[in-house]
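Naming follows writing order (A, B, C and D), and every chain is counted from residue 1.
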Amino acid sequence: MEEAAVQPAHVHAPPEGFISKYIFSLDHKMIGKQYYGLALVSVFMGMVLSWLMRFHLVWPDVKVPALGALAPTGAPGGLITPEYYLSLLTMHGTLMVFFVLTNAPFAGFGNYFLPIQIGAEDMAFPRFNMMSFWTTFVGFLVLVLAFFIPDGPPTSGWTAYAPLSAVGKDAGPGLGWGQNLWAISIAIFCVGQLLGSLNFISTTLDLRAKGMTLMRMPICTWAWFITSCIGLLAFAVLLPACLLLLLDRMAGTSFFIPSGLVVSDRLQNHAGGSPLLWQHLFWFFGHPEVYIAILPAVGIVSHVLVTSMRKPLLSAKVLIYSMMSIGFLSWMVWGHHMFVSGMNPFSSLLFSFPTLTITIPATIITLIWLGSLYGANIQITSASLFALGFVSMFVSGGVSGFFLAQPSIDIYLHATYFVVGHFHMVMGVAAIFGILSGTYFWFPKMSGRMMNETLGKLHFWITFVGTYCIFMPFHYLGLVGNVRRYASFVDDFMAPLMPVHKFISIAAFITGAAQLIFLYNLIHSRFRGKVAPENPWNATSLEWSIPSPPPWNNFGGRHPVVFHDPYQYGVKGSKGDFVMQDSPEQITNG
Amino acid sequence: MASTPYQHVASRSIVEGSGHSHATQSGIWVGIFAITMSFAAFTSALMVRQGTGDWRHIELPPIIYLNTVALLLSSITLERARSRATHGSRSQLRDALPWLAATLALGLVFIAGQYFVWRQLASAGLYLATTSNSSFFYVFTAMHALHLLGGIAALTYLIARIAPRQAPPRWSLFEGAAIYWHFMSVLWLYLLVVIAMRL
Amino acid sequence: MRAKLGYIVGLAALAACAVIVHAGPSGGTVSGKVTYEGTPAKQKPIDMSKEPSCAKQHATPITTETVVTGPGNALDNVVVYVSAGAPDEGAPSQAAKFEQKGCQYIPHVLAFQVNQTLEIANADQTSHNIHPLPKVNREWNKSQPPGSAPIVDKYDKPEFIPVKCNIHPWMHGNFAVLKNSHYAITEGEGGFSLANLPPGKYTITAWHESYGDQSQDVTISGNEPKTVNFVFKAKPY
Amino acid sequence: MGKFFAVILVVITLASAYPIVTHKFVQPEDISTHGHAIDEQLADTMAEGGFAFVGAQLLLAFFVWKFSSRKDGSKVTHLPGGAKLMVATAFILVGTEVLALGVLGQKAWADVYFTSPKPDALQVQAQAGQFAFYFRYPGADGKFAPLHPDKIDEGNQNYFGLDPANDVEARDDIVTAEMTIPVNREIHLLMHAKDVGHSFYVRELRIQQDFVPGLDLSLHFTATKTGKYEIVCTQLCGLGHYNMKAYLNVLPQDEFEKWLKDRAAEQ
């Protein structure tokens, strides 16, 4: 019966040959690694772009001949033009939000570990899974292509507000084919994510091993599941939005473009469109996207923390319910990005309350972490350090969100560096910390080798202090009224703040450089690292019950049966202070 | 935190047979959910856009109602096919074949019909960018047609698999395709109402 | 003050090319004066306060230049050129120079030949953005940070091209891309003179950015001087 | 190593709090009648948020200090009260705080958006376009002439698309690049976007409002202090965004009238 059930369940044969093993692989583990690799490439690209921006802001008249050679129109003679600054800004945001924060914690780790953690041999639809990655990859290529076209990369920011993004090249460089490529790339990306989310949901619902009830799933599995539900809705809305944008740009429709616009002395031939429509559609995706980035990190970090604490969380259930309610609330708050956008002021109030309410589940999550640390026996590893760093970042970024959720304060702080500081901390850096924590934690399982702890810790200290040095001052600048997305501050109210900007830039260069330590550690350990045992962290979830790296069908044909809740730590078990999920032994509290 | 061994080890994925047929089912439903979501987005766009003036109603070519009939018929024929092949054994599937073919044909008729509708509007001088109404009309109908092509592909695949000297397709695939196809009919009815009332 | 200087520099450059190009058999000369009748639109002072680095270069604010007049109803910035009758000529080797100084285009109207090198320089402390708006030629739109090298370009079809700076909306100028070297731009007294025209029948056209163009035919048999005058109708608004 | 983390975190926390506590970075002086409400709201939020920030970070640091790599390793204990305590804290502390602030905050918002300008408010129209603001005063007839996008001619300073040839009303409209207003007089700002989205941000006025193409919004405010302030665009509008600004001159009533007369002469 069980055999009959699971034989067809193994939907693909062991991969033979390079192509089917490494390129068009159906194996969720390889696909997970591919997503992670794509994110790794994107994150370093995005980081270099941010370096160029920070450099241009503080040393606007210093020539960078190399850059001049790379981008002759964008940086003639190595001087970055204002439009190229906006291109860097747009590409940085798009790469980071879509191809890093969505790919790595969700699609990357999720693909690799969700099936294993629920005791499945693969995703429900391996072919969709493969398509999902390669679609995303094409999206990536289309986006990057924008660097190499005469028109230059798009310049309308990652939010691509219409009509700037819709009227075409008259509005400025990068808004011709650059913007087309952006919209096409994001549309393709949406398709990839939809396929992925569909896969995650079906897999979680239907391929759980015997005994793996929903409440016995590890917290990160839950996070991925909730995230895929959010993603399914979010990307299903962004896709139509991008299509309509493309129609406005290429087919002359007027969904987002009103009549009577004069751009570059040219009267635009459109009528009756609504710029706010784009903002509504975009933010209806955009805010949930924030949680698509952060929830998987929350899950990963909880998973790592609980393992390093050697004791269960105060309550995994409460944590999971809090994540759910965040996911649920995320659908009622998109308008808080539009307080000063000309939306009806009454709706601003309607949007501000659910936004403020999100603070409650977020606080619960934080308090659960803190409360669980009490009386714990924290093992300090690179993984747990990044997890603890995440908690700190999550608090810092969350608190500033509390300011922006209030329309009255947002009148002053909207579109200042305060906002930039806020979302970089809570959505950017925090999520990155989650990814890094997950990397140090799962690398042994994924590669069969340990990462170098000394380098890992060095990497942590520089990154942790560095990110605070970069993003805390952003808040101060915002309080003074330093406007974001400015290519330069000459002849300007903001010019006196230049010392702070210099400090930030230097911190950014150092912190960025420190990431090379990580890259080196990653590559070096992959080949030279010391061989990893099956369960190096004495962890309890299913991924640690199989060899490192796992065989192509995860459990080698075995069908794990689950007997316990995921985190049986601080107990008297046969192996030590923990009992694994699939071990039938009785649990006696220590 | 303590839990006794063998406490609720039952989990539907194993007990109720193959998790994968379930997965196909829930996959289809999840997909349907996503599609619904994006058409909801299109509709809300229409609502917002309607508020901003220049709203000129368009004359719907009557063919569109014939197309509707064809699509609804296809759902019926598909049901006939399903009742023929209740458990998906080879012979039952063979009996279902003509009905499947009929469904496929009706689907193609619908697509062709929609094409004529577009031709008629174009000849009436209504193109994609002419008015906001025409824009929405083309977007709605084209997006639906696009999704229906997916269903047509699925039917073609099934028919090919049922053809002789082939391993019969998994029953769950058959059911999945059926659910999707019916959803396409429902979606079309919804769109037709929106189009007739709003555009 | 600086503006005037700029004019002279610009014109000197033009005169220079004229001389070199016409090192050939001398011919007839067509000269005359461009005037207006009626009241031309009032030229308003330009407020550059948003760009302090430019504003402080102008003791008194400069005015718009859409209709620049001289004594005796003279109309300046009119491009007078041979629109028909003269053979097309290859581009001269010198570059036509267009400068952005004090957030103003110098000269306001720049005439040069098809495929002649065009050099656009930024003499200001701020980034400018040059956006010529051609209809038949290839369009481009580039920014020029302070201290960066001149933008070099050429146009391969004859056209009158409005030029604007997106960053400083008041900055507007004109390129006159012409088929041959027989052209002049009126200045001060509104006078012009097209020299060295070999015998033949010519159409002389005068183009003004606000008042459009006028043409007159003239036949030259030897190297006698001919006079052609143009009168444009000025509109108060 | 855990203790080191605790120390670093404490340092970071105090260092982060220092500039705030010592008011190193504060918003410029408020010159509006409604701004104080926003400032108070910001101050309250800063106090409560700051408390939450410092509290949580220090607690984290303390726990990591105390409970990392312990000698008596295997013996883990649990927080008395457990999850219930945490949930209760979250709801009671944060919940009430959030709602309180939420409700209070609405007052400041209402001051700006839910009141209509007095009939005697001075009407000024602001037009945002790539990449400059221009302002229009109705002139002697007190009427704004209609706008004709096709008539826009920037080279001729016709930024709004007025048609003086045909509209008599247009002939006395005063168009300026600086916004000059009388002190202590309510201003009714009519906002019009020429091309793409822009925003009207005056820090000292505690005013920020987007220009939405095709949707003419309006604002009203009263400046209580003479001086020259920066009006900047805060909505990404293209390559010149960073350079899109104008100056706000707040003058005594009489000087304002003189200024307006001089501008009228220039038109």
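Quick note on the criterion: a residue touches a chain if its C-beta (ideal position, glycine included) is under 8 Å from a C-beta of that chain, and two chains touch if they have at least 3 such contacts.
Owing to the predicted nature of the structure, the values given are computational and were not obtained by experimental measurement.
Chemist: Based on mean C-alpha positions, which chain is nearest the centroid of every protein C-alpha shown?
Modeler: Taking the mean of all protein C-alpha atoms as reference, the closest chain is A.
Chemist: If I count C-beta pairs in contact for every pair of chains, which pair wins?
Modeler: Ranked by C-beta contact count, first place goes to A-D.
Chemist: Measuring from the mean C-alpha position of chain C to the mean C-alpha position of chain D, what distance in angstrom results?
Modeler: Their C-alpha centroids are separated by 45 Å.
Chemist: I'd like to verify one number: the distance from the centre of chain A to the centre of chain D, where each centre is the average of its C-alpha atoms, in whole angstrom.
Modeler: That gives a centre separation of 29 Å.
Chemist: Quick check: how many Å separate the C-alpha centres of chain A and chain B?
Modeler: So the centre of chain A lies 33 Å away from the centre of chain B.
Chemist: Averaged over CA atoms, how far is the centre of chain B from the centre of chain D? Could you give it in whole Å?
Modeler: So the centre of chain B lies 48 Å away from the centre of chain D.
Chemist: Give me the residue numbers in chain B that touch at least two other chains, ranges are fine.
Modeler: Residues 52 of chain B touch two or more partner chains.
Chemist: By the touch rule stated above, which residues of chain D touch at least two different other chains?
Modeler: 129-130, 154, 214, 238-240, 243, 245
Chemist: Residues touching two or more other chains, restricted to chain C: which are they?
Modeler: Residue numbers touching two or more other chains: 51, 126-127, 129, 143, 162, 164, 166-167.
Chemist: When you check every pair of chains, which ones turn out to touch?
Modeler: A-B, A-C, A-D, C-D
Chemist: Could you list, by residue number, the parts of chain A that touch chain D in their complex?
Modeler: Those residues of chain A that touch chain D are 81-83, 85-86, 155-157, 159, 161-164, 167, 171-173, 175, 257-265, 267, 272-276, 309-311, 314-315, 317-318, 340-342, 345, 348-349, 352-353, 356-357, 359-361, 363-364, 366-368, 370-380, 385, 388, 391-392, 395-396, 399-400, 402-403, 406-409, 411-412, 414-416, 457, 461, 464-465, 468, 472, 476-477, 479-481, 483-489, 492-493, 569-570, 577, 590.
Chemist: Which residues of chain C touch chain A once you look at their complex with the stated criterion?
Modeler: Where chain C meets chain A, its residues are 51-53, 125-127, 129, 131, 133, 139, 141-149, 151, 162, 164, 166-167.
Chemist: Please output the residues of chain A touching chain B within their complex, sorted ascending.
Modeler: That would be residues 2, 4-6, 8-9, 11, 120, 124-125, 194, 197-199, 201-203, 205-213, 232-233, 235-237, 239-241, 243-244, 247, 251-255, 258-259, 271-274, 276-277, 280-281, 284, 312, 559, 561-565, 568, 571, 584-589 of chain A.
Chemist: Of all residues in chain C, which touch chain D in the complex?
Modeler: Interface residues on chain C, with respect to chain D: 41-42, 44-51, 64-66, 126-127, 129, 143, 162, 164, 166-170, 172, 209-210, 235-237.
Chemist: Any idea which chain D residues touch chain A in the complex?
Modeler: 1-2, 5, 8-9, 12, 15-16, 19-20, 24-28, 37-38, 41-42, 45-46, 48-50, 52-53, 56-57, 59-60, 63-64, 67-70, 73-79, 82-83, 85-87, 89-91, 93-95, 98-99, 101-102, 105-109, 112-114, 129-130, 149-150, 152, 154, 161, 194-197, 199, 201, 203, 206-210, 212-215, 217, 230, 232, 234-243, 245
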